[in-house]
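In what follows, structures are represented as structure tokens.
Shared chain: subunit A. Partners: subunit B in the first complex, subunit C in the second.
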Partner chain A sequence: MHATPTTRAAREQARRQRARKSIAVSATATAVVIVGVALAIVFSPGWRTVRETYLSWHYFKQVLPSLPGGFWLDVRIFLIVEVVVLALGLAIALIRTMRAPVLYPVRVVAAVFVDVMRGVPLLILLYLFAFGLSALGFSFIPGSYTILGAAALACCYSAYVSEVFRAGIQSVHPSQPAAGLALGLTRTQTLRHVVLPQAVRAVVPPLLNDFIGLTKDVALVSILGPQEIARIAQINADLYFNYTPYVAAAAFYLVITLPLIRIVDRMRSRGLERQNALVLM
Partner chain B sequence: MSAPPVLELRAVTKYYGEREVLGGIDLSVEEGCAVALIGSSGSGKSTLLRCVDLLEEIDDGDIYLDGAPITDPGTDPIPIRRRLGLVFQAYNLFPHKSVIENVVLGAVRAQGMPHEQALVAGHALLERFGLAGRERDYPDRLSGGQQQRVAIVRALMTKPRALLLDEVTSALDPELVGEVLGIIAELKRDGMTMLIATHEMTFAREFADEVCYLDGGKIVERGRPEQIFSEPEHPATRRFLARLLQGARG
Partner chain C sequence: MTRRTSLAAIAATLIAAGSLALAVLPGAAAIAATACTNGSLSLVHKGQLTVATDAPAYPPYFENNKPANGQGFESAIAYGVGHELGFSSSQVKWTVEPFDDSYAPGPKSFDFDINEISITTARAKAVDFSTSYFDNPQAIVVVKGSKYQHVTSLAQLRGALFGVQVGTTSLSAVTAEIHPTQQPQVFNGSNDVITALRQHKVDAIVVDLATGFYLTSGEIPHGIVVGQFNAPGGDNWGLLLAKHSKLTPCVDDALAKLRSSGELSAITKRWMQSGAGVPVLK
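Right, the complex of A and B next:
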């Protein structure tokens, strides 16, 4: 049965009204909250001190020129470590999922590596890599603390990322490799053409999450000495006895992390939609 | 001497832990023949097919393909699987690959067919089975019946000596069963050798040269379909068929 034109128009009008009302309510609520929080901060007893110590325009201008150089070091460390983490993480995950008996010792090494790297605080790993490794005195171990720090980061995150990849591989239903094998593919071909593409697709959001963590943890390398942005902010903060440089450094990080966070959220909700659509089918 | 059967099973036995799931199955499928395995779920039909395709290892007995044993310990399963085609109940298409990519993967990677040639062969088979124009679609865009037809085409691409069909219609809506049965009928006319596990009695009645009733991992009765369906001898077969008929009426 068709709705008559009058009721349809009435329904549409009601719907529009509901939409307008909900927009108005959410806008008002948002404005009230923002203004409320702003007022609470501005009228807090310590606001004057906070404004001068953390949000000083004067010091902001003074420190700004020195920050991009430090941040560029962060970005370079991040990009290089990221590539290493992806490769090493995937390699560890593959080693740990393969069942060939000849790989047994490698599997044990990989398992111990992952456990230790995940079980020790990154801060301690950084010290151990930087000072412990160089104390070994091998000529092939680089003397640069930046490189040693990056290596510690890469090992730590490879351990986490390998677990993400492994979970992805295990999430592929056994009927998929069975179909690959039934076609006459070898185990390696099945892994390469059937399992891995599906596994990687499944873990892109958690992988990006780990990348966000990595962008921020690059700052920890500064405890070894390299002057990346957090270190430069610290030096300036100590120099002027003012914390505005930290806020400025935080803004630099947000430029990179916020878009990443948004992308992960978008992928998550799209993945959820697809899942729900499949259930409805 | 006549040619050996395409598939022959002798006293095939399989355990899951302590539980015997196949208890000494003897069976042979001659060239161009279709043997249907019927029986309730859990009777061992699917396990039997998986054992024949060497996806499961048997614990005793032998399976022969064209007269040569394929279940000797130490036999490489991969070349054997390349000579058989297995179609699954849940289609098991690769969701990240398009229809044509699903179809050519085995031919190209396992059989070493040149990609161009595989594409041509794939197109031809898809067209023959009413799937022309769906090559670029992903499996989730297809109906269950279409997905199962793609799965059959995928298995046919490797020109198998025998097709193993594992409940290929039981995941389908009733109105889609026909389009898959049609393909099986066509393959049967073309002389394809088939071993079929099925719940679908029309399937067994129309295509099978022999019907085996499995119960508890054993073949308790076997014969030509008209005999099994009209005058089953074994009480278990009679009960099973009566239940099926009841189900069909209800």
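Right, the complex of A and C next:
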């Protein structure tokens, strides 16, 4: 039995109508919320103070030229640390998933490293790496606090990223490496060509999430001396007793983090589509 | 918006100037005096003078990180002001106010904040300052054996890597007066600045002169003050109060009394070493 064309057309029309109605309702609701919040803020008793203290155009213009240099330092630290984090994180994850009895001590070291790096606040890690390692007085330890701070960042994020990779590796069904071995591949070849491609693909969104976290945590290195963007904002805020420089610095961060966040969201929904083989509304 | 602000500022200045003019007139002085005694003051907490400073509180401004012991330059000043306003020592209560928060808009948790804060016109748009109770030049501190130990001019320091504390006048002083070729390293607290110097991560640090004397007498055993110089416009320290605080004229009044009675210079002499022996670099 087929629905008659007229019925189908009627259904289509009804569906379109529902879609139009839902768009109209959501647009109206959004507009009401935005306008409501904006009015509530603008008519709040402290709005004038907020506008002068956080949104001063005068100080925004004044501080703007000094920010790109600081932001560029953040970007450079981020890029270098990110590469180290990917390599170190993957290495730790591989060590921790290997089962050879002879590698037991290495696995213990890796496990302790991950536990400690995840368990200690990053701020304290930065101080310990920079001031603590320098106090040892070894000549092979890098001279700059900034480099030591970047090393602390790399260690901390490697620990998190190694756990992400490990989850990815463990999410690959055991029948997959078994099939690889059955086909005559060595263990290394199985890992390289069967396990890792599937593992990495599964964990790209959570990895990107960690990257977003890293872009912002780079600012913490400023406690060790370098004038990156958050520090420059603080210097100017302290100079003028006005918090607008922080808002300006936040805008710079959003330029980088917002596209990343959108990419992660899109990858998530694509992954779901692929996994469930259906189009999600 | 800017115009309205500046109008308000002008009005406030006129009112302040007017009340000052009244205060110098005989007869009016009595009225002004009664307005500035304990009981008639508008205070954060009734019956007590709430004074703020940052933690940790460093010597020579405070001793043993205990502002309430009356020891140290700024502690002594705060109690001096308190006494002039009619408070007993036990009525002066201390509270911790991080420097970065001290200028946040909204109600303050203190009557005034004393924290080595430099008075500038830009800052005075956001808060009230008292008149200056101290003028402190900047000091350059290096460790013995440094190649900058025997400099005789600021120009010779251009190649040095400097360490300074954030929020201090020292950074703008270094930038404006020395024009260093390397960007100065900026740290959260003076302890971190000291560590950087001790670990030879920076060539020299810039602090206010009084702090420089204190550091080289103990915290940095091999440290020496190689010279002093002035921040652009000088570095006058004032008490920080909420913008348009009713207390500001009273605090100024109390400081004026401390000044004329000689107590301010006695406190300064007791806690702050004279900078006469330190070469002035230009």
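Couple of notes before you dig in:
Heads up, the rule we're going with is that the second predicted complex is superposed on the first by the 268 of 281 C-alpha atoms of A that agree within 3 Å, B and C clash if a C-alpha of one lies under 4 Å from a C-alpha of the other, contacts with A are read in each partner's own complex, and residues count from 1 in each chain.
Everything that follows uses one rule, which is that a contact is a pair of C-beta atoms (placed from the backbone, for glycine too) under 8 Å apart; a residue touches a chain by one contact, two chains touch by 3 or more.
Fair warning: this is a prediction, and the values are worked out from it, not measured in the lab.
Judged by the touch definition given at the top, the superposed model places A:Gly225 against subunit C, while subunit B stays out of reach.
Contact with neither subunit B nor subunit C is seen for A:Pro105 once the two complexes are overlaid on the shared chain. Residue contacts after overlaying the shared chain place A:Gly119 against neither subunit B nor subunit C. Set side by side, subunit B and subunit C differ in how many residues of subunit A they touch, and the one touching more is C. By the touch criterion defined above, A:Gln176 lies against subunit B but remains apart from subunit C after alignment on the C-alpha atoms of chain A. In the superposed model, A:Thr186 lies in contact with subunit B only, and not with subunit C. By the touch criterion defined above, A:Gln198 lies against subunit B but remains apart from subunit C after alignment on the C-alpha atoms of chain A. The residues of subunit A lying in touch with subunit B in their complex are 175-176, 178-186, 189, 193-194, 197-198, 201, 278, 281. Contact residues on subunit A toward subunit C in their complex (touch as defined above): 46, 48-53, 58, 131, 134-135, 143-145, 222-227, 231, 234-235, 237-243. Those residues of subunit C lying in contact with subunit A across their complex are 1-2, 5, 99-100, 103-106, 120, 122-123, 125-127, 163, 166-167, 171-172, 183-188, 192, 195-196, 199, 201-202. Interface residues of subunit B facing subunit A in the complex, by the touch rule stated above, are 53, 55, 77-79, 81-82, 84-86, 88, 90, 92-96, 105-106, 109-111, 140, 154-155, 158.
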